[in-house]
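Shown next, in structure tokens, is the structure this report addresses.
As written, the chains take the letters A, B, C and D, and residue 1 is the first residue of each chain.
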Amino acid sequence: MLTVRFFARLREQLACEVLEIPCAPGLGTVAALRSALASRGPVWQQALEDQNLLMAVNHSLAEPATPLAAGDEVAFFPPVTGG
Amino acid sequence: MLTVRFFARLREQLACEVLEIPCAPGLGTVAALRSALASRGPVWQQALEDQNLLMAVNHSLAEPATPLAAGDEVAFFPPVTGG
Amino acid sequence: MSADRCRVQVQQAAFNPGQLQDLLPPSGAVVTFTGNVRDLSAAGSVHALQLEHYPGMTERSLQAIASEATARWSLRAAHILHRVGRIEAGEAIVWVGVCADHRGEAFAACEFIMDALKTRAPFWKKEHGAQDARWVEARDSDISRAERWQLTRTGDAGTGPCR
Amino acid sequence: MSADRCRVQVQQAAFNPGQLQDLLPPSGAVVTFTGNVRDLSAAGSVHALQLEHYPGMTERSLQAIASEATARWSLRAAHILHRVGRIEAGEAIVWVGVCADHRGEAFAACEFIMDALKTRAPFWKKEHGAQDARWVEARDSDISRAERWQLTRTGDAGTGPCR
């Protein structure tokens, strides 16, 4: 399984905080996971095509090509605005 | 009269904290006053020839050419080391 | 010493910046930054902020930033405290305290930590005004401030002496 | 507002940096610098410092520095406190607190004030060690740090809004 988390404005847009997704051959990278999520419907497609979204795998910032493995926690979120 | 003050290491070298000096035609600038003070003896000459000494007139940093007038307070001191 | 040198904390409770400074180790130069919630933003009046974070990743990110600071400059301490949850206008939201022997290093490290935190630490602000609430957008000026530090980069997150 | 914005003080009594920060006006960004007496210098161990100043000129000089800072940057406050007399190792000797809407201005102004103070304010340190006492020499690094600010000089001492 993969755990997928969404934060802040993205979490509100999707009305979703966390998903559990079974690992599959087509979900080998962060980019592949993002595409699969976008295909869930128009709201998902629109929210996930935002080029400014950041991605993290296991609490570290990730690239589209970052590989995924069973048990990974993936997160998508808008640019950060702390401080 | 001119009031002349000395600070820190210079004050100790001269064993003098403050002098009252009558105004005179030869004391029209800070440089002239400094020369007159240096002529008081070897200790004064040596202490006042230090090129790093700073000078102030009426609580503002001064140049050798800064003019002096009756009632002015002149100060000589080493480079500052606060903070 | 390592563990004490970099200390990061994420908490809901309000804090007093002066009391945090008292906890820093003795050192010649101490620079602190305190960020307070302003009652006005580009979008209008602000009654409070709601701060969201990513538990686990946020702390890890702050630790990496403090660690990178101690790798780049000679520091005795780098402490970071950031609040989450609801924070009223006028209250402190973030505090950074840096100790060094020399003031130049303390100033640079404290400013670096704030610039890195603003662009790399997973926090998100929602402004609550009189009528509405809106997410705060990231600012280009924060990104360009953070990019300055890449030019003279000597350490890397994760390689500092505090990890 | 003017008088409150630039506040300078020279005193013998010890002080607590955190309590001074509590006296600053509300603002988005607060940067403070605290300088403490180190127990070791280039010349050996230090038990205490004796700080001499030039009453009248010292206060005027600090006021001019704070005023120049508020002329160069958009600040809500610039406060300076400097101790004189005997100061024990470990005690705070100087504190600067700067408030602004934006952190970049607060950092720059606070560092500028310290660099200017180190080269322009009439204070002189005498170190007391175990056996002897010696005057501290001015440092070239302080002079070169201060000279950096001339490059982008936009205001001049005496023309700031606090005079």
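Everything below uses one rule, namely that contacts are C-beta pairs under 8 Å (C-beta built on N, C-alpha and C of every residue); 3 or more make two chains touch, one makes a residue touch a chain.
All values derive from a computational prediction rather than experimental measurement.
Asks: Using the contact definition given at the top, which chains are in touch with both subunit B and subunit D?
Replies: none
Asks: Using the average of all C-alpha atoms in each chain as its centre, how far is it in Å between subunit B and subunit C?
Replies: Chain centroid spacing, subunit B to subunit C, equals 49 Å.
Asks: Find the geometric centre of each of subunit C and subunit D from their Cα atoms only, then give the gap between the two centres in Å, rounded to an integer.
Replies: Distance between chain centres, rounded to whole Å: 24 Å.
Asks: With chain centres defined as C-alpha means, what is the inter-centre distance between subunit A and subunit B in Å?
Replies: About 73 Å, centre to centre.
Asks: Two-or-more-chain contact residues of subunit D, please, as numbers and ranges.
Replies: Counting only residues that touch two or more other chains, subunit D contributes 35, 114.
Asks: So which stretches of subunit A touch two or more other chains?
Replies: Nothing qualifies.
Asks: Check the chains against each other and report every pair that touches.
Replies: Those chain pairs which touch are A-C, B-D, C-D.
Asks: Would you pull the subunit C residues touching subunit D in the complex into a rising list?
Replies: For subunit C paired with subunit D, touching residues are 16-22, 26-38, 90, 101, 103-104, 106-107, 110-111, 114, 145.
Asks: Can you check the complex and tell me which residues of subunit B touch subunit D?
Replies: 5, 7-9, 52, 56, 59-61, 75, 77-83
Asks: In their complex, what parts of subunit C are in touch with subunit A?
Replies: It is residues 35, 51-54, 56-57, 60-61, 82, 93-94, 114, 117-126, 135-139 of subunit C that touch subunit A.
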